[in-house]
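Here chain A shows up in two complexes: once beside chain B, once beside chain C.
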Partner chain A sequence: MTTLTLRSVPNGRVDMTGILPETLAGRRTEDIGKQIVHLAGSPLMLDDLFDVTPDETGMLVIRTDSDRLDYLGQGMRTGKLRIDGPAGHYAAQAMTGGEIDIRGDAGEGAANGMKGGLLRIRGNAGDWLGAALIGDRAGMAGGVVAVEGDVGDRLGDRMRRGLILVRGRAGDACGARLLAGTLVVAGGCGSQPGSGLRRGSLILGRRPESLPSSFNDSGRVDLSYLGLLHRHTESLLPGLLPATTHAYRYMGDLAFGGKGEILVLA
Partner chain B sequence: MLRLKNGRIYDPANGIDGEVRDLYVEGGRIVATPGPDARIDREIDLAGRVVMGGAIDLHTHIGGGKMNIARALLPEDHRADPVPAMGGMHAGCGHAAPSTWTTGYRYAEMGYTACFEPAMQPINARHTHLEMGDIPMVDKGAYAMLGSDDFFLRMLASGADQRLINDYVGWTLDASQAMAIKVVNPGGISAFKFNTRSLDIDEAHPHYRVTPRQVVQALARAVHDLGVAHPLHVHASNLGVPGNADTTLATMAAAEGLPIHLTHIQFHSYGTEGERKFSSEAERIADALNRMTNVSSDVGQVLFGQTVTVSGDSMKQYGNHRHASPDKWVVMDIECDSGCGVVPFKYRDKNFVNALQWAIGLELFLRVRDPWRIFLTTDHPNGAPFTSYPHLIRLLMDKRFRNSKLDEINAEAAAHSQLRSLDREYTLYEIAIMSRAAPARSLGLTDRGHLGAGAAADIVVYRDDADREAMFAKPEYVFKDGQLIVRDGKVVNVVNGALHAVKPEYDKGIEKPLKEYFDRYMTVRMENVRLSDDEICTCGASKLIPHTCKGRKA
Partner chain C sequence: MIINGVFIDDTYAEAFGMKATRIVITADNLTWARHAANAAFGFATSVIACGCEAAIECELSPADTPDGRPGVAGLLFAVSTKELAKQLERRVGQCVLTCPTTAVFAGCEGEESLPLGKNLRYFGDGWQMSKLIAGRRYWRIPVMDGEFLAEESTGLLRSVGGGNFLVLARSRGQALAACEAAVDAIARVPGAIAPFPGGVVRSGSKVGSKYKALPASTNDAFCPTLRGVAKTELTPDTDAVLEIVIDAVTDADMRVAMKAGMDAVCGIGAAGGIVRLSAGNYGGKLGQFHYRLREILA
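Moving on to the complex of A and B:
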């Protein structure tokens, strides 16, 4: 479709809202270049910052060496978007469909309020991945997020549905206030995992140093759904989960109804 | 000197109905036609254009704590309507509960030059003035809310002399830098705190044993005695309750001939007929308004779409909370003063009740014959955001358009309403009355809302367009105090409005019992509640415009 190549590091944050495969599809190169984006709150045209190159693929590619491009793929409904380089903050916010492939790190607040589609992050992600949009009461409500690297604090905060897979390590309070959905962190996590968890499953590949005291040790269990999950995740992040159906189960958060669980696979 | 020549002038306060005349502006004021050797610095030819004074909204919730609560409650309202910064204007956002700056810009872009916040809690006056100070472009003012506050109800219950009540009302106006007095669900907000869910006009308050009728009478009398221009602004009991038309009529009668303003009267004109026990009483209410010349009202028109209802009427807002859409709401207590309720709401044209509410509002507009006593409001944001005024004007001025909309609404509601039989179409002159001259007169703004010599040069120029919605949405020029602020519906010059406040005379001796009361019961000291004249400008208003009151003997 089109490749946008960032010419130089912009002197402020760039709001990339509206630069989506679905809005650029079928438009002429000059026309795409005139699309308005905002640099530090002021409007300017896309070709003030980017070289616009048309191509025959069905994909929108954004090449960037700077992590100042915010709101990449915000509200995306369909199509394919690839970021060659780091994404700024709020990538894939409120995304409802399509595929985004970030070939670098992502900033804070990625996949906030996401409702559908697939987001891949090849590098690390910042805080509040898959959490709620600012001011909202529920976080990610559908779709899949797959992260190769580490993620920051508050991963999946108040997440309501969907699947988040992390190969690396998560920061503090991952799965905090989780309402439902499945969160898999293979590489260990910081303090207070699952704090305030209501329902849903937080699946940890390594035993955390400590669990909140309001979780109840329910022993080692055999859950056949772990086999299904293993099969499912192999297509997204191969080797993320061991091929086992056994896990240590901790029910909680008992201070919030205790209908959720933390499963430790190790 | 600026000369605006050949414009077609609609200036009802001076009886000018569409005459082609020249206007002269100097030093921010409209001046009489000067002699032949006067220096004209700038001339704009307005041939074929419609010229009116700046519009005045006398009932719009633009400040006070409740709008901030609505903003905090509705992040989606802000996300869906972002406004980037440009041309000296702040960035902002919001549709139903816009940010302060966006509120000012959007009002000016529609030709409004003054807006009045009708529900300032005296205890919250400082916040209200700070918030209004952040609203650019337009002049502002606020009405102080009384009638459910403990101090007043105690006075009334103990049979205090009317002169003492007058002093308390005068002190409240003065201390909170208010323009008028409003009463919301008289005594009812307080009754809600005593676990009551409704309080009719002659029902005794469960604790103080006074009735809403007594509250309305005492306050209407106080406002009249103090000589405040705007009559007591009444949000009557039983808002939104089917069958409340009887209460509304009783409230009108309760004024016993004293001036009274009944606000958002659409929400108070409901009957209980029909299968669904919900019907229009617009005809009965309009007849009463036509008959009782001491009563004025604004409509509070409902228009379809997402909005948020904000009110001091915590009793009725609590009753409405199960209709909240999206499903979240806030009802809170404002210490001894009153209450507050914020309930997001979506008016749907296919919903029987909402569609009938829409029709009732329009029926009231069309049935009340005197445009000097019925004002154009949607009770922003309760019936609809203020940005829908141009649409409302078209509904009033264009019968075919109105009937085409009537065909779209819930068929049962359309059949119940007599709207289709009403042929009236408002004229530009009548629109100029209800949105300019009448509110200015009602508020006692002698130099606003008209285009006579000496008036402030708040002038709006429209292109004459058969599509009145397009015409009123985008004025060609808007002048505020002689400065061009809007060109073709876009702000070109950011200015700051003044604050209007009344300065009644009262006996300062009321401060003695008041101070004791504040020390004993309130969280703030009496001295700290009062806003000085100087503080108004540090709050953000360009200046304070005081209005002296000629007191009448009690």
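Moving on to the complex of A and C:
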């Protein structure tokens, strides 16, 4: 489709809202270059910052050495977007469909309010991945996020539905205030995971540093559900989950109904 | 038409449009998957009094099941969507949910869906958990050996039920041996089941009865003990008749299954005591599907 190559590191943050496969599909190179983006709040044309090259890849590719491109893939509904390099903050925010592949790190607030589609992050991600949009009561409500590296604090905060897979480690308050959905963190997490968890599952490959006191030990369990999940995750992040159906189950947060669970794989 | 000494009647099997579904039952090992399936698909020989017709379609290796455990696929057929839904829920609820280590999954897609774990989840008394994986919803229901995992719904298929053929032989033993070979052949056809015990029926029926309360009664024209008194279809050299009834997902599956079964019988042939192949029909006015034996075997 089109490759956008960032010429130099911008002297402020760039709001990339609207630069999506679905909006650029079928448009001429000159028209794409005239698309408006905002640099530090001021409007300018896309070709002021990027080289615009048509190609036959069938996807929108953005090549960048800078992590100052924010809102990449925001509100994306369909198509494929590949970021060759780091993404700024709020990537895939409110995404509802399609596929975004970030071949680098992602900033904070990625997949906030996401409702569908697939977001792959090959590097690390910042805080608030899959959390709520500012002002919203619920976080991510659908779709899949697959992270190869580590993630920051408050992963999946207030998440409502969907699946987040992390091969690395998560920070503190992972799955805090989770309403429902599934978080899988293979590399373990910081303190207070699942604090305020209502329903949903937080699946950890390693025992966390500490658990909130409002979780009760439900012992070692054998869940065929883990076999089903293992098969699904193999297509997204191979080797993320071991082929086991055994886990230690902690139910909570008992201060919020106690219908959620933290599973530490056995 | 005569094949290997077996006379093929110039007649047809009359079959009906039915509603069907396929489910997959998995367990820690194949033994327990079979226990659940045998219970769920037991007492499901005929829609006349069982509510549905059902049987194991095939066994599945761990690589072919959703949760990576061994399992079986089974087909259920009923005359209406409502009855099929009722039978499915009742049978899965009483025979699969109750069976140690099992889980149940949809085995087919359909334009419409039938509840599978959708209502059974309430057995969890509020402790059940929903999981949405790859666009499909599953229910995790706590039970005493861990959890019962059930997919929320399965697909509804528009299918064919009641395909059949009759094996006429010189003795009961020879008829039974031929039918066993036919059932083995049909079992290898995907999308088809023979729902009667061992896949074979001895009590072929005709429509109606001298007793007003009965919608069907014994097919006296094929009963060897009534040859002297009833209007018989049997020649003096025929001492036993057995029937194979087949339900299939599609019309094409039915044809393949009928041909496989009849080929197996004809393979035994007159040397094995087989005299004729015939089929049951109701004059062609009740069923939408007619399977002419000679056309299928041609």
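One rule holds in what follows: the second predicted complex is superposed on the first by the 265 of 266 C-alpha atoms of A that agree within 3 Å, B and C clash if a C-alpha of one lies under 4 Å from a C-alpha of the other, contacts with A are read in each partner's own complex, and residues count from 1 in each chain.
As a convention for this text, a residue touches a chain if its C-beta (ideal position, glycine included) is under 8 Å from a C-beta of that chain, and two chains touch if they have at least 3 such contacts.
If you're wondering where the values come from, they're calculated on a predicted model, not measured in any experiment.
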Simultaneous placement of chain C and chain B on chain A, clash or fit: fit
Partner chain in contact with A:Gly26 - chain B first, chain C second, else both or neither: neither
A:Ser42 touches, of chain B and chain C: first, second, both or neither? first
Which superposed partner A:Pro238 touches (first chain B, second chain C, both, neither): neither
Three-chain overlay, vertex chain A: chain B-chain C angle, C-alpha, nearest 10 degrees: 110
Chain B versus chain C as contact partner of A:Leu133, first or second or both or neither: first
Chain touching more of chain A, residue-wise (chain B, chain C): C
Contacts of A:Gly219 with chain B and chain C, given as first, second, both or neither: neither
Minimum distance between Cα atoms of chain B and chain C in the superposition (Å): 24
Touching both chain C and chain B, counted on chain A across the two superposed complexes: none
Of chain B, residues touching chain A in the complex: 72, 75-76, 78-79, 84-86, 91, 328
Residues on chain A engaged by chain C in the complex (per definition of touch): 142, 161-163, 180, 182, 199, 201, 221-225, 227-232, 243, 259, 261
Residue ranges of chain C in contact with chain A within the complex: 26, 66-69, 101, 103, 126-127, 129-134, 138, 140, 146-147, 149
List of chain A residues in touch with chain B within their complex: 38, 41-43, 133-137
